[in-house]
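The same chain A turns up in both complexes below, where it pairs with chain B and then with chain C.
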Partner chain A sequence: MTALHPAAGYRLSSLRKRFFRTPLQAALSLASLLLLGTLAWKAFDWAVLSAVFTGEGGPAACKAAEGACWSVIANRWRIIMFGLYPYEEQWRSALSCVIVVVMIVLSCLPACWTGKRIAAIWILGVGLFYGLMKGGVFGLRYVGEEAWGGLALTLFIFVSTCVIGFPLAICLALLRRSRLPWISRVTGLIIDSIRSLPLISILFAFAVVVPFMLPSWLQGDKLYRVIWGAALFFAAYQAEIVRGGLQGVARGQEEASMALGIGYWHRISRILLPQAMRNALPATINQFVISFKETSLVIVVGFFEILASGNAAYGTGEWTFAYVEVYAFIALVYFIFVYSLSRYGAFLERHMAIGTR
Partner chain B sequence: MTQTLPETPAVQIEAMSKNYGSFRALRNINLTVRKGEKVVVCGPSGSGKSTMIRCINRLEEHDEGRIVVLGIELNDDVARIDEIRRDVGMVFQHFNLFPHMTVLENCVLAPMLVRKIPRAQAEATAMRYLEKVRIPEQASKYPGQLSGGQQQRVAIARSLCMQPEILLFDEPTSALDPEMINEVLDVMVSLASEGMTMICVTHEMGFARRVADRVIFMDAGEIVEEGNPETFFVSPANERTKKFLSQVLRH
Partner chain C sequence: MFALLRNQKVRNAILQVFFVGAIACIVIGGWLNAQQTLAQQRITSGFGFLWKSTGWEGNFSILSAAPNDPYWWFFVVGIANTLFLGTAGLMSATLVGAAVGLARTSSNEMLQLLGRIYVDFFRNIPLILQVFFWHAFVTHLPAPRNAHDLWGMKLSSRGLYVPVFNVDGIYLLASAVCLVAAVLLPFWLTRTRRIPRPPEQRRGLCLVASVGLLALASLIVVAGRVPGEPFLSVPQLQGLNLRGGTRISPEFSALVIAITLYGGAYIGEIVRGGFKAVGRGQVEAAASLGLTPWQAFSRIRLPLALRAMLPILANQYIWLIKATTLGIAIGFSDFFMIVAITINQSGQTLEAIGILMAGFLLINLSLAAIFNRVNKAIALKGNQLRS
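Up next, the complex of A and B:
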């Protein structure tokens, strides 16, 4: 059969209409196509055709080649992914990453959305992660937080920030809409103060300044202080997102549940928040994405999360020329996480739209 | 049969007033509703009729006077308010169904959370009331998939599931398309015939004539006139009532 499928025929004709209507338009379209094609070819040539993939030749093989030097990844991926974590124990760090990813994926499934299941997944997941990373139990060698690094550290900071920050955000949002003016004003002041500071200064303050103000038994490890700082920052922004979502819920919803005799906590948890979170979903996903990328700021207080570990991976003399490849690799890791997060957000929006047509 | 003990009235309002800032929304309201009585409240818009019935389950707070519902006085005691709200159902102008839950979930939520009734039993009760409002086949749908009239009937069923002593109706048909008004009124008429205590704010004068034991006319935050539907519609005493009725009943 030579006849085109009707849909394909339609697409072809609409393509022609849009890009080849006049000779000038056609010329411009072709020129743009040529430019894009050349760029794509150059990139492909650099990344694949002329690239060095195996690590056997060492840096010398790369310097001789025209294209990308992926052998730096082959040689250095362990530093990028695990940072300063002891070499022979790095399987623990890898397994921990898998645990966190499984935990995130599980809690993203609508089937797991009951309080008990979510709590079980998170308590088990965080417990396993912590035990595995830190060791000192079941014959595992002790590895202190200062030696954690790479992807495991990035994921740990991100997940803890969200787990602490999200409930905090909901509390702040509810307090801010309290009927008692002094509560709502004080909460507003706290939120606005945190939001008016850059994250980097908050991290710095929690890592460096707080130890001078708190008694030593309250300080905790620097890592946890930094996580609390990041969580506070996350909560301040997310609280405003939740508040916006709450404002989008019709006044009648609260009245109807009050008229049925439903108490405050059930009104919040069963009627208002489920609807508010639907309204706030796009902005919430956005906030998660931003927080994931902002984990890289912990570099300023001396943590080797994935970006800092990447710096270390090419910064050792023989590989210093291969920084582009290292950054491309790290960008890919970020992309995988952030893109999955956005796709999940889109799925959630469709899933939640069912009830509210 | 003569009653020996004076029964506690369903609702007793004494010298109640409410202000919004300097605006007197309600002034010196006195109203007693016996158990089983059906009262229709009418009046021009802005006359305070909605505000008055919203005071009965404390969606609005009154400033002066006393409101006693089922023998319990309304004050700042939150536990008491929740106790009263359990027994006083309310049907709203805009239905206010919970859009993220199915019809059945809308109906079982409060009985399960507030009355601690097990799910199976709550669902059985809910289905019985959904049948009563002639909509059991929609139980698994979401409110957004129903017409206005159907939503309002679900809202009535949802209130009934709490097995209230009193039902308050706040203009239940005024947000509906004309062809859907009757299906809601029919449900209300059958509830009335079963002895439910009802206080209805409505402009449906035909319903008032047919069902009400007493019609109350409000204007500018006051009860201007009250009486049984016969005398109220045929020979109203007050000028304001006459004017209102001539406007409402013109067609």
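Up next, the complex of A and C:
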């Protein structure tokens, strides 16, 4: 009993020191605590205590209740997650989403951080995803791209943007660093003009304008044109990050490799890029996070990704009042992906800073 | 032949010619192909369409636009809308961001937590989702008949009605210019060398200039009142609709709210980064010299932090200006939406995209130039940010 007292006293005094040092501090602490408590309680009350969870009562049960109407999600979650994908085949869409998540988790493990392994994981993953979604092989029913939607489409656009954009970014960065003045200048012009445009206008241009500029055999599906546009945009930003990483590599490294007579490709792939990517890793993850959030913009050029299918889920008929719940659900899906990725990025930044000091 | 190829200079020249040639081929090929396609669709290329009348109406404009106005005027209106939305969004996002950043760098851990929750919440949800949410929120407000009343403002599904002075537009503009001058003039007065008095003794002068300009601004407003109508026009319910005051469209308010909250989270992080960049030594030196916490903040930490955050802030502002293009998702007639409708209506695809690129390049470059100028003007000599 007596042994407990000093610890409790210490805890109390440290509490006082941290939150109640001066009257002003005490007032600030209490006010923020009050605000936080009210918000948390209101949110909890709305989302859990007075919410309707089952879809049995339909919209009428929701209108009677004070809180959230999760029955709209219970009724419409298949539209939000899978869009117009055929009902009996939706397990394929779900499995594809799981593949993407596994792929992202695998590429976050340091054991997979060699160029070959990362490339293998992503190419294999995207191939699996594509085959599973599209079908037509191994007895799976064929489902065309126009029927894809919801979370699966969002993930597909994100993943293929990265798979195309990342190698492109490295190419652009190397071209911009080229010693030949015309190559670096023209590449710089391309990168800078893409970066000065909003992504929406690039997506719009690839969806609407590019068909004018390409011969008909080169046009392809609108989905793939938009993915190429998004990849180009991603590459323009990522190229600057890679270039920054390359600039961070000590000059002596390149000179030493040249003095040893190592050729250009070896020098780039074995000496410069590995070090540059290490420098650029935090910014790269940040760029992935941004580009994941920006996949939601394809709604503007008319794709049925998770946000559009969410709009459709509450927009029709009886559920129009339940927009808050639908948006909260979609926001939660995005939040889980984006927040965990960005936390991982922050962890990595701290972790790597330890190594260099 | 092969001997020539072994020559590094020749090889480099060939490589560059190939590269530039390939890019040029893509561009010219695309251009020619587009000309051909457009000719098939009987669309004459060129900028002549700019002087034709449009035949459609925008739903929001700060400059007046009628359906028989020419295309070029609609582009101007679009740019004005984008800039207006951008300015409103940037200013409020900066205010929110400053508050969040200060909360996150404060010594109070409760405030820090509050700021952190704010940033994590709003930064990790896509902006377009927030725009959609706020648009749904604003359009689901009650009809004008049962509009919410908030400090004389009316919140209804048809828009936000705010009270305004019954004053001619031109007078309002003049008084706004005076207000801006009242804020900016003191800065110029303390820095200029044209006044033969040391900067410390110019305080009275600054005060007089500011107060004088403020008085002038209010005088202009009073002088410009529309005769025969009440000075302050307050929105009121008449029949089924609201009359009086000015209407802010739901699209505009949804965009401003979303940009403010989302941008505020990012700017808050930039502000925090700026304060973190101030060397510990500087802060400790200020404390050991006996400066009060407020003095240390306003004289040491804030000026240094401002300089550290300005370049990043400039990038964020450019990003936010570009983000106004999200207006197209909910039907706000900004520059991009005007371009998109133009393409739809007139088919002048390449020209309209060219105008879009030129417009954004112009906006971004001028913003960057302004910030570079400010950055240079306030830069410290030497390397005082690191300690």
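Operating definition for what follows: the second predicted complex is superposed on the first by the 317 of 357 C-alpha atoms of A that agree within 3 Å, B and C clash if a C-alpha of one lies under 4 Å from a C-alpha of the other, contacts with A are read in each partner's own complex, and residues count from 1 in each chain.
By definition in this document, a contact is a pair of C-beta atoms (placed from the backbone, for glycine too) under 8 Å apart; a residue touches a chain by one contact, two chains touch by 3 or more.
Please read all numbers here as calculations on a predicted model, not as lab measurements.
> A:111 contacts which: chain B (first), chain C (second), both, neither?
In the superposition, A:111 touches no partner, neither chain B nor chain C.
> So, A:260: does it touch chain B (first), chain C (second), both, or neither?
A:260: touches chain B, not chain C.
> Touching A:297, do we find chain B (first), chain C (second), both, or neither?
second
> Does chain B (first) or chain C (second) touch A:64, or do both, or does neither?
neither
> Name the chain, either chain B or chain C, that contacts more residues of chain A.
C
> Taking the superposition on A as described, I'd like to know which of chain B and chain C A:275 touches: first, second, both or neither.
Only chain B is touched by A:275; chain C is not.
> Which parts of chain A are in contact with chain B and also with chain C?
none
> Any idea which chain A residues touch chain B in the complex?
Interface residues on chain A, with respect to chain B: 250, 252-253, 255-263, 266, 270-271, 274-275, 278, 352, 354-357.
> Going by the contact rule at the top, pick out the chain B residues touching chain A in the complex.
Interface residues on the chain B side: 57, 59, 82-83, 85-86, 88-90, 92, 94, 96-102, 109-110, 113-114, 142, 144-145, 155, 158-159, 162.
> Which residues of chain C touch chain A once you look at their complex with the stated criterion?
Of all residues in chain C, those touching chain A are 12, 15-16, 19-20, 23, 30-31, 33-34, 37-38, 106-111, 113-114, 117, 120, 123-129, 132-133, 136-137, 140, 322-323, 325-326, 328-329, 336, 339-340, 343, 349-350, 353, 356-357, 360-361, 364-365.
> Where on chain A does chain C make contact in their complex?
18-19, 25, 28-29, 32-33, 35-36, 175, 180-183, 186, 190, 193, 196-201, 204-205, 208-209, 212-215, 293-294, 296-297, 299-300, 307, 311, 321, 323-324, 327, 330-331, 334-335, 338-339, 342
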